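In what follows, chain A forms one complex with chain B and a second complex with chain C.
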Partner chain A sequence: MSKKVENVGCPYCGVCCDDLVVTVSDDGKKILEVENACAIGNQIFHHATGGERVRLPRLRQPDGTYKDISYDEAIDYAANVLYKAKKPLIYGFGSTNCEGMAAAAKVAEKAGAVLDNCASICHGSSFLAMFDNGYPSCTLGETKNRADVIVYWGANPAHAHPRHMSRYSIFPRGFFTGKGHKSRKIIVVDPRHTDTAQVADIYLQVQQGHDYELFDAFRAVVRGHEIPDVVAGIRREQIVEVADILKKARFGTIFYGMGLCHSDGRNHNVDIAISLTRDLNDFTKWTIMAMRGHYNITGPGAVWSWQYGYPYCLDLTKRDIAHMNPGETSSIDLAMRDEVDAFINIGTDAGAHFPIDAVKHLRKHPWITIDPNICMASEISDLHIPVGIVGVEVPGIVYRMDNVPIQYRKVIDPPEGVISDEEVFERIHKRLCELEAEEVAKEPVKAAPEGVRVGE
Partner chain B sequence: MSELLIKNGFVFDPLQGIKGDRMDIGIKDGKIVETSALENPKTIDAAGMTVMAGGVDIHSHVVGPKVNIGRLFRPEDKLFKSPHKSPTCSRMEMGSSVPSTFKTGYDYARMGYVFVNEAAMPPLHSPHVHEEIRDTPIIDNAAMPVFGNNWFTLEYLKNNEIENNAAYTAWLLRATRGFGIKVVNPGGSEAWGWGLNCVHIHDPVPYFDITPARIIKGLIETNEHLGLPHSMHLHCNNLGNPGNYTDTLESLRLAEGYTPKNNFGREQVMHVTHLQFHAYGGDSWGNVESRSKDIMDYVNAHDNITVDMGQVTLDETTTMTADGPFEHHLRALNNLKWANVDVELETAAGVVPYIYSPKVKVCTIQWAVGLELALFSKDLMRTFVTTDHPNAGPFTRYPQVITWLMSRAARDETMKTFKWLDRTIESTSIDSIDRELTLYEIAQMTRAGPAKALGISNIYGGLAPGMDADVAVYPLNPEDMPSDPAAIEKAFARCAWLVKDGVVTVKDGEIVAEPAKRTIWVDVKVPDNAQVQRDIYEHFLRHYSVKLDNYSLFEEHLHNPRVIEVNAAQ
Partner chain C sequence: MQHNEVIRSMKTVTLTLTNPSELLLEGQSITPDNFAGKKAAEIATLDVWEGKQKGPLGKYFTVAGDGGATAADTRIILRGDCTRVKRIGQQMTAGEIIIEGNADMYIGGWMKGGKIHVKGNVDSFCGIGMEGGELIVDGNAKHHVGASPRGEWRGMKGGLIRVAGSVGNDTATFINGGTIIIGGDADIHVSTHGEGGTVVIKGDARGRVGGQMVKGDIYVYGTIENPLPGFKMVGEVEQEVDGETALFAHYIGDLGERHPISRGKTVYANLYTRI
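Up next, the complex of A and B:
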């Protein structure tokens, strides 16, 4: 008899659907069917047992080929790389659980590494705007239950977050929104007429790179000021009409995507989006939310904030105090300046996402990839450590795009012998402590430096 | 296991009525024991020092989503304000007004505290709260889920269904591994879902059509129906506004006629938190004045109420509360950055940085109001030290607050820095109060009293045999108190010794061990209630954005639990 596992969380995007039903074969080794997931989520589950998986760590040989090694050897190799490096970088984390992130932070602190996550090349500019202007937001259930106006700005959930519109924003019938889609006005702002724009009541084709001006115009109109005939390619009448809808909403949410935080203006676009949200709260209720990409890319921002107070770009190389300065301590900038002398890629694919010059610099030094699958990073690494797939083979907590923690389940066992990200980092940490102890034993005079304490 | 003998200290234990007697405290296997039960103990020489039970904080925002947003969106709270890592601690310590979880644990321990009650847990975010609890070293934590704007609660109480509300409450305490009933701006945070508020306790909540007064009374009834260790824990409506003391008095009066029903030694039915923010007269910021006397006269005369101070410490800090509309209001006052999180069906929250400056009249009046509350109190077993961390100031300023309470000279010293001293004195009573609290009274306000009010005084807050071996030794000689108030502050900031669960954890103000911490939660048995089960099922089916089965905390995410069992099934 096959077994159905219910209420399964999906390890694909920041929507974090937790209503999947997965059918597992008799022997618990094969995933037969996945219900409720989008096409991409579906594929992640089927991929887990559909083909060959890497079951042992692989170490690059002098002839360029990979050779299987044991986990113990891989852990020892990774710990030694970190121990010897002056400024290692540990980057990724979009696709793992928070337990893994906490363990990785312990390793980074011990090794004196730079710790960064995919926000660095994604919603990092949103963080910069939040530092300056705050973040008036809500949980997605609030939007579902209350919102009568929805704005998607520079985001295309129809492709990037396939079930976002049906679960939370446009279509669902909530407590105060019993008529579902019929009771909501949908506004889409995007230079491209996307598939999301197809379902909009009002589509504003903002001139590319002119989002800031359009926000500025909305703020001006909302506050009762005059604006020119055309702003950012949009006619004044239409801006006034939309501003009126925003002001008269009972409850509204602005969902924005990379179109804001990675087009010209970047954090400034997000900043003024937040300002518009603030302004609108003088009239009615408005909230704003970043369309975070991966299912747990919100996680490292949460975990490292409670551990160090910074969400990303953490420089822990001083070992006794953390430091964050995007531009200086951000992964791409460090790599472009060739400041990093060891690299761990975990739960992402820097090989595919980083600019080629950054990859070339990183590749001069030891490169370790921790990932369940073969990806571009794993194929150019010195060491590839396979791990269980979070949400499929490894349970744990992940943070949805609205910062709500979702408890993910395990559907099947990982391939025999394959361990979790958390265990990999815990074991690296243990090995680092051993290396440190060996060093101290060799040079007993070299004591730990006295801490200097501020203001006490 | 290990044995310890803390010798010759001056012991202050209000739970046993011990007022500075020179005594020995015996410890065996993590518990306090009669000294005669020890065979071969290690000795701690506490001669000339003050010995108290480990501190208990009844209200502090230390873990959870809004605390973490405060950390995340304020990098300036770290820069040049974080200490370098102590070589004796295992982790870095970052942040000041909203410290990292590690710094939170270490700093509380250095001050001799062992138990901290997280003041507001949004139930939907309970896995987050418990993740942060895991990463907060040394101190034991409990967390109170918020009920005052919860749709289930509003619906049950509107229909006067106390039993149903009790069954739901028991279910939610278990689902979130929570400790007690927290109420924040009842009704107002739900109204904030529409950008509105319930300023007065008779303003009806939009749609739900129930008043804050009815919510408060209903939750007192629910709490006593269940017999929980702690009472209903209230953050009143109309926080922080001139003239709000009348609303506060009206809220306090709602407790009249209720008596506590519990097996935990708790004697109050209502705990009113950060009272300082609720004791203002006047009708504008121009003429705001202290009404602490009116408030404390009422509290002194009604022993079914306990309160905590919410003392303003005159620092730059980060305000954060489930009172969403208040934070929006504050944003308009200081125009700084503003974070907000409305939580579906349950609550809201806001975060705004704030600078309490000795140069601003309102801030110095707030400072005086907080101290007056304690100094007017006739029963310090019902009046507790808090700063509503980090709202009125960070918890790391408790030593300063204690010093202000113990020393008129310290208060005068601080008042000298006020730009609007005359107007502050005019608008408050602080200058006419000479009272200086004793070490015994401080022990009441910081351990015995809060432990009793939380219903955990059989475990924490005292030094009787059988209790947890949590003992703080402060380098203060009661027979030779320092004339310089700064020395008192220093002593309370860095205890000479902290023993936690029988393990020497702090020595000479430095962390020397990190014993396992605990999560305290309350498990209430109630009769099966089919209607409540159906209501829960329906709301999760239609209105929540997560599945019911993923909402309750998974056992694997609960760390080192200590469960307090309550049987309300009879």
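Up next, the complex of A and C:
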């Protein structure tokens, strides 16, 4: 008899669907069926038991091949790399649980590392805008139950968050939105006529890279000022018409994606979107939300803000002082400037996502990948440590895109002997403490003048 | 008082980068304030950081000359390739720093007084959070010149930044006071969220000049490739800027942003483009 597990959370995108039903084989070793998930979520579950998995850490040999080693050897190697480096970088965390993130932060602090997450190349600019201008947001449940006007700006959920529109924004019937799609106005702003734009009532084809100007025009119109005939490729009449819809909404939400975060101006595009949201609250209720990518990329922001006061790009090299300044302490900038001398890639694929020059710079130094699967990063690493898949084989807390924490469960056991991200980092931390104690024992602290390292 | 300052003799400390670091160097201790009252040998023991490794300044630089009695009496000359040395002159209050070549990030950051003269180029975040003093760059500067630190809505308060070449994006974000004069071109975002101060761009500006700006002045001598819809032309004025008088088109804005009312009149930010 196969077993059905209900209310399973999906470890794919930031929508964090928690209504999946997973059918597991009698022996609890194989996933047979996944209901309610989108095509991508479905694949993540089936992938776990569908093929061969890496079951032991693999260390690069002088001849370029990988050799299986024990977890103890792998932990020792990783701890030594972190210990010896002057400025190691630990990056990733889009696809792991908050417990793993907290353990990694302990390691980063002990090792004097830079701690960064995928937001660095994704919604990090949203954080900068929030620092500068606040974040008048809401939960997805509020949007579902109240919103009658939805704006998707520079986001394409039809592809990137497949169930976002059906669960929360366009189609669901909520408490005050009983007519579902019929009672909602959908506005899509995007330079490309995406599949999301197909379902829009109004589609504004903004000139690529000129979102800021369009926001400025909306803000001027909302305040009753004149604007030029055409702004960012959009006619004045249409801007005035849409501004009127925004002002007359009962409750509205602006969902924005990489179109704002990663076109020219980055945080400023989000910043002015927040300003427009604030302006609209003089007339009615408006909210704004970042379309966070991975299922738990909101997690490191929550966990590390609580631990250190900053959500990403944390320079912990001074250990008791956390310094954050994207542009300097962000992964890509550190790599491009050759400022780091060791790299740990965890729960993401920097090999696939980073610019090739950044990868080349990082590859000059030790590169360790912690990931359940074979990916581009794992194939160019010096060490690959396999771990269990969070949400499938490892339970834990994840944060949905609206900052709502959800407890994920596991549906099967990880392959025999394979440990979790959290355990890997806890063990690296323990080994780092041992290395530190060994050095202190070897080299007793001498009275050194202020500013001179012991032994110099 | 003025007379005293003229006759007071400045002492010069020359730092030569002879043993460059592998990755980078954080030189926040290289300020007249930290060097004042110290002999060369003491200066050589001050902390600099390369990642998590703290080392004495003397490990990387040869130090010649003693500091003056006070910061105001201390001049620091940096020689050698300081392209990878950050935070020189950070938080300095008086005295002088001359950097003979290039320098890295945060040069003159949070500076309160004194003078820094960089003869080469600087990287990003130079003069951020500046409160007073002078920062002169003969070459180009990258991004965030005279901007506010992340999340700080009270930006540059005073002082003068002069960059002879061009600058990157995000110049003078949240500027509150002081003056920034750019000899060349500026990339996008000038005085975004500005609440005061003056920015002069003698070359061209790419766009987003004065976005979300509440108060303050911007002068652009060249062209603005993508002007913002929130700025409205109100007339032509003759103004004296940086020692020369010229005719400018006068715009007010950002009309999309909130604006205070003073003596019954709404206060706008001013954008002047040269005619």
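Rule of thumb we're sticking to: the second predicted complex is superposed on the first by the 445 of 456 C-alpha atoms of A that agree within 3 Å, B and C clash if a C-alpha of one lies under 4 Å from a C-alpha of the other, contacts with A are read in each partner's own complex, and residues count from 1 in each chain.
Please note the rule applied: a contact is a pair of C-beta atoms (placed from the backbone, for glycine too) under 8 Å apart; a residue touches a chain by one contact, two chains touch by 3 or more.
Quick caveat, the model's predicted, so the values are computed rather than measured.
By the touch criterion stated above, A:319 is placed in contact with chain B and with chain C alike. In the superposition on chain A, no contact is made by A:190 with either chain B or chain C.
With both structures placed on the common chain, the touch criterion links A:426 to neither chain B nor chain C.
In the overlay built on the shared chain, the residue A:131 is in contact with chain B and with chain C. Once chain A of one complex is fitted onto chain A of the other, the partner contacts of A:9 are limited to chain B, with no touch recorded for chain C. Of the two partner chains placed around the shared chain by superposition, chain B is the only one that A:281 touches, whereas chain C remains out of contact. Once chain A of one complex is fitted onto chain A of the other, the partner contacts of A:216 are limited to chain C, with no touch recorded for chain B.
Of the two partner chains placed by superposition, only chain B is touched by A:404; chain C is not. Comparing the two complexes, residues 131-132, 319, 324, 449-453, 456 of chain A contact chain B in one case and chain C in the other. Contact residues of chain A toward chain C in the complex are 85-87, 111-113, 128, 131-132, 210, 212-213, 215-220, 222-223, 225-228, 231, 264-265, 268, 271-272, 275, 279, 317-319, 324-328, 337-341, 449-453, 456.
Interface residues of chain A facing chain B in the complex, by the touch rule stated above, are 6-7, 9, 18-19, 98, 102, 106, 109, 127, 130-142, 144-146, 167-168, 173-176, 250-251, 278, 281, 283-285, 287, 301-303, 305-311, 316, 319-322, 324, 395, 397, 399, 403-407, 448-456. Only residues 63, 65, 67-69, 71-75, 77-78, 80-87, 91-92, 94-95, 98-102, 124-128, 131-132, 135, 151, 192-195, 207, 328, 331, 336-345, 351-352, 493, 542-547, 549-550, 553-554, 556-557 of chain B touch chain A when the two sit together in their complex.
Those residues of chain C that touch chain A in the complex are listed here as 22-24, 45-47, 49-57, 59, 105, 124-125, 143-144, 149-151, 153, 169-170, 174, 188-189, 192-193, 207-208, 211-212, 226, 228-230, 232, 254-257.
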